[in-house]
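In structure tokens below, several structures.
Two complexes, one shared chain (subunit A), two partners (subunit B, subunit C).
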Partner chain A sequence: MLQVLFNSLVYASMIAVIAVGVSLCYSILRFANFAHIQFAVVGGYLTYSFAAIPGLPLPAAMALSAVATGLIAVLVDFLVFSRLRDITPEGKMIVSWGVALFIRSVVAIVYGGGGRSFDLSYEVVLVGDAVFTTLDALVVAVAAVLMLLLHLFLNFTRVGSGLRALASNADLAVTRGIPGDRLVRLMWFLSGALAATGGTLLALETRLQPNMDLIILLPVFAAVTIGGLSSVFGAVIGALVLSLAQNLLIYIDFGALLGGESWQVPTQFRDYVAVLALVVVLLLRPRLSPLVGR
Partner chain B sequence: MKNFLSLAFCSALALAAVQGPALAADPIEIGVIANLTGSAVKTSVQMTRGVELAADAINAAGGIDGRPVKLIVEDSENRAQEALNAANKLYNVDKVPAAIMFGGSGLMIPVAELAKEKGRVLVNTSSSSPKLGNYPGTLFSILPLDDIVGKELGLLIADSGAKTAAIVVPNSTFGLGVADAAAAAFEAKGGKIVKKVAFTEGQPDYRADIQPVVPVKPDVIITAGYGDDSRAMLKAGRELGLTAKWYAAYPSILEIENKDFLNGKLFGVDNGGYAQAAGKAVADKYGAKFNGTADLMAHVYYGYDALMVIAAAIRKAGSAEPAAIAKALPEVVSSYDGATGKIVWDARGQRISPPIDVIEYKAGDFATTATRN
Partner chain C sequence: MLDFAIYCLTIIAVWSVLGLSLNIQFGLTGLVNFGQILPFGLGAYAAALAAQAGLSWPVGAGLGLVAAVVVSLLVLLPARRLSQDYWALITLGAGELFRLTALNAPSLGGADGLTVPRFADPHLALGAALALMAAAWLLSHRIAHSPFGRMLKILREDEVLAATLGRNPVAYQRTVSIIAWAMAAAGGVLYAHIVGYVSPASFTVTETFIVWTALILGGPGSTLGVVIGAAVVQLLSVSSRFLAAWIDLPADVLANGRLALFGLVLVLMFLFRPQGLVPEKKEVRDAPRP
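On to the complex of A and B.
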């Protein structure tokens, strides 16, 4: 069971760092941004490229990738979404699909179809029968630090308060002198940078591959839906709950439980937990309330 | 001017007289279906080069009964539908009596169905699914099927003294074919399979899949795979702290993720026989035609042997009709000693008792430590 907790924590860490960006965007611009997933993919690939520069350590490559992806997110807003502020959320959501497909194609052109992996060395740590690696510990630590910093930023800085005010009531906030456009650009930058870091953590743990976006799409949106679309804190909780449910499902030996031969749910079915979570939450919580800004 | 025209006319006549016999001989057209633009192109190109080398050798020696061999190469794009389109074109439009194909069983089986329906010959150089044995008289394999290689793998594991084994393979015809044959051979020798993991390919990480192997602590892990998925599988094994030895079918097609993790811990069986004189001669031809042998892969030998046995069958039958080729193929193969060693077919035209190399991964490279059969 300890193993389930380890696995859940690692997976939730990667998903949460990506998911908070979806929540940030939804809370301020009120639409589900599917292009956000591509920022994670772009971030992973950019870190891979930066890490190939001789003498550049991985943390520096990650930081560069986060900044570059943040700027790409700002550019996407400038070119596309800033011109569509007044259309319906559904319209923006559909446009975000288009943007996602465009970015996907660009990534495919630049990096091609093959998978890529980071060449890392790390230790395996045994705790009883449970196993984790020093890389796992690092991923969880990076995610925890980022979430803590984001929390402090949103709640204890003047700019963070401005963002929360925008999320709570954009018109009123702007009337009261809060620079709405600048803060929206900041939100895009933060979302892009966080997605890039989450994508990099995922790539470090697994591998970069062209269909990485489809692999993370479902868990990320399930996590933010479970936690409340516009809640940054909720996205983290959502990621943890989802990850725990997914890992429990594939861990339990249902065959032995029923007194027969050992049988576990094949791991590819863990994504159906995300689908189930989405359905249940959407059925039970038709009205989602924003927590940010409260 | 008149003199010049006369001279030119006479020269043309003389040239035609010199080239006459060669032009008069109708070429024998043989089809080649390979993945030339899809994913994992390199292996297909290697096989095609092997076929080209064989065609060069046949034509340099005067062709088949004076008729040159002409290859018609079609692209499968590594997709079943495109492979079928290619086969349709070759069998229906070009009307080739036989085609040589490189592709997985997902492509090979539909094309075999078509070849059977059309009454043509298909020579398999790459696929190893035991289901390919269902097309006797149509499909002939230069590559031994997975049940043969899997059995050899199981026997090798039993010989190593291992008592327990876990299976970790992709949930594919290839993975399960190898696993089942290896497990049967291992268990027949008293071994015990303590866990079986068949993971779905294409996922980014297989740690959760392989996790159940950790507590059962097997002596060895039976595996098979290739490409990115094999890399992710081995990575998961390392991250889970597995200390068991890995035994793989065709270990050299695994993508090694971490040399230190597998040095002295990865063993397996692979098709062999290339080190003999016939194989070396093909390697020399390859080096001369394609600027060295640095990129030469075993697939060259399979392509080479495929066309050579077809040519021998046409020669023996005295006809390039598909039925005559299909009938003559098993007869000529019994005395053919090729680039992939001696070819022995069962009644279905599937290769048995192939030369098997025992492989060990050490010092960051694959080394052949013994040869079986």
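On to the complex of A and C.
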């Protein structure tokens, strides 16, 4: 059972760091940005490239990758989304898929189709009968620190409250002298940088492959939908709930529970939980969910 | 060379059916379906499973249509009374679930997929594909120019207005989904018999967005536009193969370059010509003067 908690925590950390960017973008620009997932993939690959530079330690590579991906996100906004502020949310969603298709293909061309993994050494720690690694601990710590910093930034700085004002009423905020365009660019930078870090954490835990976007697509959007958008912690809680549900599903021995032979749900089916959670949340609270504009 | 041209035309016709189906949903009604490949895949897999079980192809086709209609109703269940964002997420999730199921269920062939008996004669395949496309075209045309279709356009522009006219938006969306998903499933059945095998790799999110690219390129809401869009997209696909042979590109770079181009086309159309190559004709009628 402890093992389930550990696994959920690690998985949730990675998903949450990526998911908050979707929340940020939705709360300010009011559309579900599917290109966001690609920022995570780009970030993972960029970290891999930077880490290959001799003498550059991994944390520095991660930071460089976050900054670079943040700038890419700002560029995407400048080239595409800033010119389409007035079209319908559906239109923006469709455009974001066009952007996603483009970025994913360019990544696949540059890095090829094969998988790559980081050459890391870490230790295994035993707690009771549960196993976790120092890498797991690092992933959770990085995610927790980032989420805490983001929370402090949004709630206790002038720029952060500007962003929140923009999210709650953009017209009023701009009328009151808040520099809307600059803050929107900052939002893109932040979500790009966070996605890159999340993507890197995922790549450290698993490996880099061009179709990792398909692997995280459903979990990330399910987490955002479950959590609601009112605070940064909404996406974090969404990620935790989802991840716990997924890991429990795989852990529980349904066969024994029903008195028969031991039978567990195969691991590949964890994405079903993501979609199921999405459906349940949408059925139960259609008004409160993040994807309805406030 | 002639064989190749016949194959190209057949594929264009099949993808046009898929595009026309999406056009009824998004172009006319405004439903954002990000899982358009799902009914197509259901049709294809139904055809394959029926063939594996030794049943004749009409049985497979019937199974495919029924499966698509049933699944469309299931997907609609949670999406009812929800906004477009939810439609997008639910259909996307449903499409991915189908792909994952096909990938992980041994009875569905797993990653290797299933083989399907092919059309013996390519001319017959072309004939069947063109016939299906013509049927889809006629149906789309009829819908677009009927009172039902006009109500769909009102629904697309303003759901509340449609409701104040005494119409039930959900009932309209349900009818549209059933028709469009059955249409896409018919395309899928044909596709399976033309290509000769089905595998999860043919039914990814990427395929859905190739259809979207065709729709946005041609012009949402315009029947002719969608067919032209599908033709352009598929011809680009095919001709890039020659280009690759010419300048000696590796296959995976080519495949990804093609997808990058489609993504770029989608974005550029939105930026510079959102109405598409063949814009939808807006019907303007003034009320009669008293």
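Criterion: the second predicted complex is superposed on the first by the 284 of 294 C-alpha atoms of A that agree within 3 Å, B and C clash if a C-alpha of one lies under 4 Å from a C-alpha of the other, contacts with A are read in each partner's own complex, and residues count from 1 in each chain.
Throughout what follows, a residue touches a chain if its C-beta (ideal position, glycine included) is under 8 Å from a C-beta of that chain, and two chains touch if they have at least 3 such contacts.
Because the structure is predicted, anything quoted here is derived from the model rather than measured.
Novice: With the two structures laid over each other on chain A, which partner does A:Gln268 touch: subunit B (first), subunit C (second), both, or neither?
Specialist: Both partners.
Novice: Does subunit B (first) or subunit C (second) touch A:Asp171, or do both, or does neither?
Specialist: A:Asp171 sits against neither subunit B nor subunit C.
Novice: For A:Arg207, select first, second, both or neither according to whether it touches subunit B, subunit C, the two together, or no partner.
Specialist: First partner only.
Novice: Applying the touch criterion given at the start, work out whether A:Ile94 contacts subunit B, subunit C, both or neither, answering first, second, both or neither.
Specialist: Once the two structures are laid over each other on A, A:Ile94 reaches subunit C alone.
Novice: Going by the contact rule set out at the top, does A:Asp86 touch subunit B (first), subunit C (second), both, or neither?
Specialist: The answer is neither, since A:Asp86 touches no partner chain.
Novice: Give the label of whichever partner, subunit B or subunit C, reaches more residues of subunit A.
Specialist: Looking at subunit A, the partner in contact with more of its residues is C.
Novice: Return first, second, both or neither, reflecting whether A:Gly113 touches subunit B, subunit C, both chains, or no partner chain.
Specialist: both
Novice: Intersection of subunit A residues contacting subunit B with those contacting subunit C?
Specialist: Subunit A residues touching both partners: 113, 266, 268.
Novice: Would you mind writing out the residues of subunit C in touch with subunit A in their complex?
Specialist: Those in contact with subunit A are residues 30, 32, 34, 78-79, 81-86, 88-90, 92-94, 96-97, 100, 103-104, 204-206, 209, 212-213, 216, 252-253, 256-260, 262-267, 270-271, 274.
Novice: Could you please specify the touching residues of subunit B with respect to subunit A in the complex?
Specialist: Listed in rising order, the residues of subunit B that touch subunit A are 39, 171, 199-200, 202-209, 211-212, 214-215, 227-228, 231-232, 235, 238-241, 257.
Novice: Could you pull out which subunit A residues touch subunit B in their complex?
Specialist: Per the stated touch rule, the residues are 3, 7, 113-115, 117, 124, 126, 129, 131, 133, 135, 202, 205-207, 209, 211-212, 215, 247, 250-251, 262, 264, 266-268, 270.
Novice: Of all residues in subunit A, which touch subunit C in the complex?
Specialist: 31-32, 80, 83-84, 87, 89-91, 93-95, 97-106, 108-109, 112-113, 214, 217-218, 221-222, 225, 266, 268-269, 271-272, 274-275, 278-279, 282-283, 286, 289, 291-292
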